[in-house]
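I'd like to ask you about the structure that follows.
Each chain carries a letter (A, B, C, D, E and F) given by its place in the written order, and its residues are counted from 1.
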Amino acid sequence: MKTISKRANKGLLTALMGGLLLIATTGTASAQVTGETDFIFNSFLFLITGMFVMFMAAGFCMLEVGMVRSRNAATICLKNVTLYSIAGIMFYLVGYKLMYGGANAFFGGFGIWGADDALAKANDFTKLQDDGVNYASGSDWFFQMVFCATAASIVSGTVAERIKLWPFLIFTAVLTGIIYPIQGSWVWGGGWLSEMGFSDFAGSTLVHSAGGWAALIGALVLGARTGKYGPNGQVVGVMPGSSLPLASLGVFILWLGWFGFNGGSQLALGSAANAIDISQIFINTNLAAAGGVVAAVIATQLIYKKVDLTMALNGAIGGLVSITAEPLAPTGGVAMLIGAVGGVLIVFAVPLLDKLKIDDVVGAIPAHLVCGIWGTLIVPLTNKDASYLNQLIGVVAIGAFVSIVSFVLWQVLKMTMGIRASTEDEMQGLDKSELGLEAYPEFAAS
Amino acid sequence: MKQITAIIKPFKLDDVREALTAIGVEGLTVSEVKGYGRQKGHTEIYRGAEYAVHFLPKVKLDIVVPENRVSQVIEEIITQSKTGQIGDGKIFVMPVEQVVRIRTGETDAAAL
Amino acid sequence: MKTISKRANKGLLTALMGGLLLIATTGTASAQVTGETDFIFNSFLFLITGMFVMFMAAGFCMLEVGMVRSRNAATICLKNVTLYSIAGIMFYLVGYKLMYGGANAFFGGFGIWGADDALAKANDFTKLQDDGVNYASGSDWFFQMVFCATAASIVSGTVAERIKLWPFLIFTAVLTGIIYPIQGSWVWGGGWLSEMGFSDFAGSTLVHSAGGWAALIGALVLGARTGKYGPNGQVVGVMPGSSLPLASLGVFILWLGWFGFNGGSQLALGSAANAIDISQIFINTNLAAAGGVVAAVIATQLIYKKVDLTMALNGAIGGLVSITAEPLAPTGGVAMLIGAVGGVLIVFAVPLLDKLKIDDVVGAIPAHLVCGIWGTLIVPLTNKDASYLNQLIGVVAIGAFVSIVSFVLWQVLKMTMGIRASTEDEMQGLDKSELGLEAYPEFAAS
Amino acid sequence: MKTISKRANKGLLTALMGGLLLIATTGTASAQVTGETDFIFNSFLFLITGMFVMFMAAGFCMLEVGMVRSRNAATICLKNVTLYSIAGIMFYLVGYKLMYGGANAFFGGFGIWGADDALAKANDFTKLQDDGVNYASGSDWFFQMVFCATAASIVSGTVAERIKLWPFLIFTAVLTGIIYPIQGSWVWGGGWLSEMGFSDFAGSTLVHSAGGWAALIGALVLGARTGKYGPNGQVVGVMPGSSLPLASLGVFILWLGWFGFNGGSQLALGSAANAIDISQIFINTNLAAAGGVVAAVIATQLIYKKVDLTMALNGAIGGLVSITAEPLAPTGGVAMLIGAVGGVLIVFAVPLLDKLKIDDVVGAIPAHLVCGIWGTLIVPLTNKDASYLNQLIGVVAIGAFVSIVSFVLWQVLKMTMGIRASTEDEMQGLDKSELGLEAYPEFAAS
Amino acid sequence: MKQITAIIKPFKLDDVREALTAIGVEGLTVSEVKGYGRQKGHTEIYRGAEYAVHFLPKVKLDIVVPENRVSQVIEEIITQSKTGQIGDGKIFVMPVEQVVRIRTGETDAAAL
Amino acid sequence: MKQITAIIKPFKLDDVREALTAIGVEGLTVSEVKGYGRQKGHTEIYRGAEYAVHFLPKVKLDIVVPENRVSQVIEEIITQSKTGQIGDGKIFVMPVEQVVRIRTGETDAAAL
């Protein structure tokens, strides 16, 4: 049924299985979870894990502020706080309905989100369980909203240090209100890709690659930071991040938030089966990240004879993104390997982008786009319901859609208001030109 | 009076300061600088991209002394800051025409 | 009943309604939440959301340390760690009983807090539900304690960079042990204001304005930082914050914590109705903050032609404080607007305070006091049980009480031990004079 | 039964008591928690509190990066991210089984961890409750893993600024894969110490002292940082921490995580009795930390006439470690005093270590080892099931085991690959020599 | 032309700048330095260990002026930056042989 | 020997360094400074309060060269660092009486 999201279908399955179990074990009915308790567990799962995903906004902010030069540090903070705000508002006004409204196979519908808890208030938890939506509708909104915000957070890091503030914010509004929800509706909204059998448990493609494509196109339309590349494409200005401790903090926060991101995507807690699944998801999430870090550390040591902290940090994210499409089916060991491949992909993708003169300030494209594709394509290895072909179709379809729409949007912004700060503004830093202040006014930075 | 300006390796600062205090140098001003000379910088790798570090961190000492102490101070600085390796730094001597101590208004030698 | 807090009354209502539902649906009794499960849910809600509120102490610390100059950064950290500690100890020794002891309409009673879980241990959850206190008594203490600490955190930012350490800590002890609990007893302790019908769901007035009044009086008694204002009242020394990235981190942490702050103030999770309410509270909390940010960003752009990050950060806090008095009744859209007004209030209140030569280092007075008043007064717009007059009376009564007692206390401290650091200590920074160290010893700051 | 951990025994007890209650109150059977609901609560407790414990890795990272000089800041971040990763992998591959495999009194067994939820899938929660393991096996793994990582985090701070990266990582792998699990098996794995009656609720000895011993031996084998001590043992180079705000943030994060650490160690949430206990644990944890801070603040003021922020921060950790061996039995007031003694111990232990020329960069030995011993030895004061003699035996046995094995391991590393960076590398900072980058490249630090 | 180098207490910078602007000094360069003189540093306690702070933060002003303005500028600096307490700082005067304004190529007095 | 001191805009540093290396300047010391000249600072708004930024960030180069190279170096600096806009900076030349290379003890021209 298209009006019920793929995500919800998963819950439905659980509910059905719960029902079977119920029949099988009527003798121990007291061992069961009641409908209302199930409702509370599921809602609470959304709210609590949603909080951790919300906190990922802080993680992105810290990672990015640590990876930009200090002259753009205040601007990147402003962008991160504001984009999270915009995402919430747009997803409320437009996005949720467009994603989950279930109108047809290509988008959900139009309208402002509103709570609908009539069945719960009528105490009809059985119907809710049958429909696989036995949770407070608001808790679902909150959980979906923070996912939308995550996609937007990815873009800001790539295009940092040279994009003007307002066109960036407008792009964010469209991304979170329209682009993300439409492609999201194709899968989690029960649209054509989910019908086809494309599988993306927690959003390697829907969230991370989607954000990554928008970022990539932004980087291409914007061009590299002034002084980054020489005439022959070599890196002449490395522009190292101003605070690796803050970048590290950001990665720890993201890692923490990812338990909520993947664990909450189970979408239900109110049965032992769900609790078991979520536990497996936590383990896989952690081991994939760990695999990403260790792989990146070893790879940089082997290739460059020195360990690169920024690659290790990207490696953690890469591992996390890699497992996000299927954090449940693998064993811990396989999850670790999937993450480790992600970590290695990072180490090769970062300099490759430089060769292509694509200037990605924080490494979001390797981590979110490249590893998002990898994670999505490898799903069938462990999830027998998925097929490599379907996964590829999904990756390409969403990639094409997000890229094309983003390209048009970036171009329109470029031609109307302009998206790139003047070279002079860029040289002295956006903090001074756009915000009129300094992020660290007392610390000597030229 | 002369100003002796010495550019040295940062980690030699404490040794030099102690030695100069020991021979009775009464004042000293230090700044953090970067520089290159024979020691030309080097390349590093950051996120897979090789790049050149052109300037190396150094410490600059400015010491104003009466003319007759110049050679002693220079010797002491050399003794303390020499490692024999490239990048040890340089000493420049420049004329100072007038010195005033702000607190007392004393001038020249008395102000040092 | 005065011995049961207003807060508890809310839980009671829920319990009663739960009871009615039970009667209405005896056919599906298995759908119900059992008394013990309810007990666990409610206790767990307090503990988990309380942890997030506890983390707000870190948020305040980071916001403040980012907004002071580096020469006072270590001192503000010390104050924040210590004030949180003192709040916990004082609320244990004195505060809780004074607030919730239920002795009379004006204060609660005296004594050290102690756990009382006799009914739960006797398995009498029905009685606990009837009384609306079906949770572990210790979980309630923990939750109330972190609220008390929040009020104290507000003061430190306003009076930063010039107050001496020890008088500040003594003020904190009295604030958390006596001032906060007494006014708190008037509402949440079931005292006269709650009897009258004053409504403050999660503490726009009881926590935020209370802290804000104490801060305002402190700023007045202390005077501005040396060199901040010229003879004619213009700002001559802006003294910009030393680390806007840390200030931004602080705001993200506060935002995160606020879901616990407002969500946990539902005081109960053990029914579908509660889960639905808490979800709405999460949504409103988020949208009010988002509204505050976007409003401040737009307002500063329009007024100053540049976006001011520090105002945007204050805008988030302003939006959050604005919705705290009533985070449940509004729809998301209305919550967003209430928050947006808060954000605009910030943009006007900050320079207004400067005109009055009231030197508030971090903007706590606009965010917590001004928006706290706004949020409290606007409650009747969406909560039909509240009246504008009662709200006004509550705001004035608590404002007067906290201000007068704070004034006396600050004056006593001033006349006995002195509250203001010497000008020389202030010029070289409190870190060196009070702590004998530097927050960032290696980074050149004059 | 040795195959069931001491930790699990606690849950068993609760389950048995729940059973008795069930019999006693058959009339109100509907007030009970069902077996599956219990399962979910317990699993969720592990997962949620485990997340907070995981976040302690960020807390350690920030505390350490704030306490080292900026030239080693990136390296300490890399170590913290990588050690957390390695701990997860090693505990998966080796550690868990070695700790909880239940082979004999001295170690658990060998093998990779794998989920085993057969009973839950067969809906046999009664058996699970009888065995005291009514939770998802994966949730338990996750919770135990983050404890293992905590032990490893302790070491990195002590040996910072002079240890080479790779030997440190190898030590971490052995510590988390072998040393920590073996001694852990003696108590929580149901081994000889638990049989004997040694009591360590959440790991003052098993986690904190164990990490502390490994750190102490590391510091002894490594020697002090070049230039720290004069020929006669006085401190000639204090090498103050580069960012006390980040160190403060770290302590707040650790404090937050500790609620998960101690609270989750109740190991069960699915009964009112557990909810009551966990609440008491939260209160005691908070008051012990508060006591540690206030005691350290007062002690440094009295002794040095200035309050030392870094001691106050260590004081918080010291208070937390002190209460970790028995966070349930004491009243709040006693917990506060136990923590306060911890805070005072810090103030004396830090300079004492300096007198012994033991160079502990972040104060991990006073906080984790000294307070860990104190907290373990004082357990019998409030827990009547524990005896001072047994506690002492446990402290000594684990101390001896960890110290000896660590010593051998550090020596082997020293003799094979060398553990100490060259003096030149140390002088210019490990960031440049090992990582080839700077943590704060734009901020002038000599 | 002469270069007047003044080492002063950091918090006096604004007063000095204002006074110099008032008397028509057209340019000024400031750097953050550390130094010792009569004022010798002091001891602090960190984590229970006493240690010496040898250098104190100062601000260095470099002001290049025509010869005839030297004494006026020196006087103004003294007036503004004197607290009478140890550590007020010093003023050094050194000869400048040539000045060029990069933007216009003007030289010497015209370039100031 | 002379010391050429150039105060330039920070973002011109790399161009100047490259050009000077190209013409064979063997050493260079850089410091971060702030200054004002014709370019007078500006006002900013922070939290609704207007305030003046009096000093602008600049970079100072100290280059000691034999007398005969002075004009070439000055020209090269001007070529590279001139934008034609206010605030381009200034060049000062001062006499240096003695130079020593710490590593070798070489003096004067040999030490450069």
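Heads up, the rule we're going with is that a residue touches a chain if its C-beta (ideal position, glycine included) is under 8 Å from a C-beta of that chain, and two chains touch if they have at least 3 such contacts.
Nothing here was measured: the structure is a model prediction, and the numbers come from that model.
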Touching subunit B and also subunit D, the following chains: A, E
Copies subunit B and subunit F touch via same or different residues, half shared test: different
Pair joined by more contacting C-beta pairs (A-B or C-D): C-D
Approximate Å spacing (C-alpha centroids) for the pair subunit A, subunit C: 32
Subunit A-subunit F separation of Cα centroids, rounded to whole Å: 47
Euclidean distance of C-alpha centroids - subunit B vs subunit C, Å: 54
Shared-contact residues (touching 2 or more other chains) in subunit D: 32, 34, 37, 48, 240, 243, 249, 304, 306, 308, 310, 436-437, 440, 443-444, 446
Residues of subunit B whose C-beta touches two or more other chains: 31-32, 45-46, 94-95
Chains grouped in pairs wherever the two touch, ordered by label: A-B, A-C, A-D, A-F, B-D, B-E, B-F, C-D, C-E, C-F, D-E, E-F
Complex interface listing, subunit E residues touching subunit B: 2, 6-8, 31-38, 54-55, 58, 60, 70, 74, 77-78, 81-95
Residue numbers on subunit C that touch subunit A, as the complex places them: 21, 24-25, 28, 30-34, 37, 41, 48, 52, 69-70, 240-245, 247-249, 251-253, 255-256, 259-260, 263, 269-276, 278-280, 282-283, 286-287, 289-291, 293-294, 297, 304, 306-310, 312-313, 316, 331-333, 336, 440, 443-446
Parts of subunit C lying in touch with subunit E, wherever the complex brings them together: 427-428, 436-437, 444, 446
Subunit B partner contacts - residues on subunit A that touch it in the complex: 234-238, 240, 303-304, 306, 308, 310-311, 347, 350-351, 354, 363
Subunit C-touching residues of subunit A, taken from the complex the two chains share: 29, 32, 34-37, 39-40, 43-44, 46-48, 50-51, 54-55, 57-58, 61-62, 65, 73-75, 77-78, 80-82, 84-86, 88-89, 92, 112-115, 117, 120-121, 123, 125-126, 135-139, 141-142, 145, 165, 243, 246, 249, 434-444
